[in-house]
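Before I ask anything, here is the structure I am working with.
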Amino acid sequence: MIIGKVVGSAVATLKHEQLKTTKLLLVQRADATGVVADETPFVAVDLVGAGEGELVVVSQGSSARVATGESSSPADAAIVGILDSLRFEGAIAWRKE
Amino acid sequence: MIIGKVVGSAVATLKHEQLKTTKLLLVQRADATGVVADETPFVAVDLVGAGEGELVVVSQGSSARVATGESSSPADAAIVGILDSLRFEGAIAWRKE
Amino acid sequence: MIIGKVVGSAVATLKHEQLKTTKLLLVQRADATGVVADETPFVAVDLVGAGEGELVVVSQGSSARVATGESSSPADAAIVGILDSLRFEGAIAWRKE
Amino acid sequence: MIIGKVVGSAVATLKHEQLKTTKLLLVQRADATGVVADETPFVAVDLVGAGEGELVVVSQGSSARVATGESSSPADAAIVGILDSLRFEGAIAWRKE
Amino acid sequence: MIIGKVVGSAVATLKHEQLKTTKLLLVQRADATGVVADETPFVAVDLVGAGEGELVVVSQGSSARVATGESSSPADAAIVGILDSLRFEGAIAWRKE
């Protein structure tokens, strides 16, 4: 899994049957201090009620797919946790405000 | 999943049984403003009727495979949504014309 | 899936049971004009009778595995189509000679 | 699998049902001498009781998922071994102190 | 699959149940001439009796997992062939001594 930050959302009225009731969030990878990498955001489904700006745990691949509870879901990325704090090399590196 | 732009198509008369009725589209990854990255395009199957030039949501890996409805499909990338708009850091970053 | 070019082959007399009757081809990724990237070639099984020098469609991961028809195949890359032409941004970018 | 070093941990009170009893560790990839790469750490579940600072073997993707014993686990990275030593090009390159 | 060279081994007395009887080898990716890339080695299980210094075929992801014969194996990389020769662009590029 990776640390991610919810940076936006995507709207698609025409989409795969199994994504119809799902909110699509834009996520960027972040480091242990909560700083996002300068990378193209990707699209994840949200399984825990994450909001924009929150730091989250993102599962990828088949693990994201089965985590949705629908084994035939097209989801290949899913938000599976909302982070409270990150500890890195013996110290708190980030804490939710 | 990733944001992609349909930039072309591939014709292969000789192909795997399970791809015979499928259109193969060329896709390039795009960012939250709809701008494509300068990367080699990849090949995706289309599950939602996407057209050239459209911004789409692309599923990858086993999630793309099962999304086709054929668990033994060779597809490892599938277009699963057609984007209407993208919201990034609190503002609309891209909207379908 | 990706566009690939068959650039060689690999011989391994000692190999996994499920690869014993399979030809192993060396493939390099190619762009929409058929030009190969300067990347280390990878090894793919051939499901469509591809020959050296041909431009092909390559499936990866579990999709390649199930495409072989053997769900316990060690194959993680499989040639699933032989390309006739590629269309990129409204024009034919490559055509088989 | 990859060689990894446990460099921290993540706390998420709100998380996917199947992660509720699982400790989430931060891991960085390491080379054969035990030196970590300057890369963003990722999040792994711990299946062997690894502690911070230890060099471990990390499984990724569906292999990490099934290794948890829960085929519907959202885990896509799992610590599956604690390293004692690494041998590289004929010599011991790293040994646990 | 990729071409790899066995460059070492890893010892882990404490490891996942399904890895207990398995030797863990360190592998680096190699090109068609057998030269290894300057990349961090990864850890693979050996299914064909490969020795240090040998050039091998490595399967990755779920294909490596099922190739072990244990569908719940944590293995995400497996040596599935020992190479005798590699042919690249019409000529023998590497041959086992």
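Letters A, B, C, D and E mark the chains as written, and numbering starts fresh at 1 in each.
Everything below uses one rule, namely that contacts are C-beta pairs under 8 Å (C-beta built on N, C-alpha and C of every residue); 3 or more make two chains touch, one makes a residue touch a chain.
Computed from a prediction, not measured in an experiment: that's the story for all the values here.
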Neighbouring chains common to chain B and chain D, by label: A
Degrees of rotation, nearest 5, to put the Cα trace of chain A on chain D? 70
Counting in whole Å, what is the centre-to-centre distance of chain C and chain D, each centre being its mean C-alpha position? 32
Take the average of all CA coordinates in chain D, do the same for chain E, and state the distance between these two points in whole angstrom. 20
So which bits of chain D are touching at least two other chains? 61-62, 64
Could you walk the ring starting from chain C, turning first toward chain E, and list the chains encountered? C, E, D, A, B
For a test of understanding, state which residues of chain E touch chain D in their complex under the given definition. 7-16, 18-19, 24, 26, 40-44, 52, 61-62, 64-65, 71-77
Chain B residues within the chain A interface of the complex: 1-3, 29-32, 37, 47-49, 57, 59-64, 66-67, 69, 78, 80-90, 93
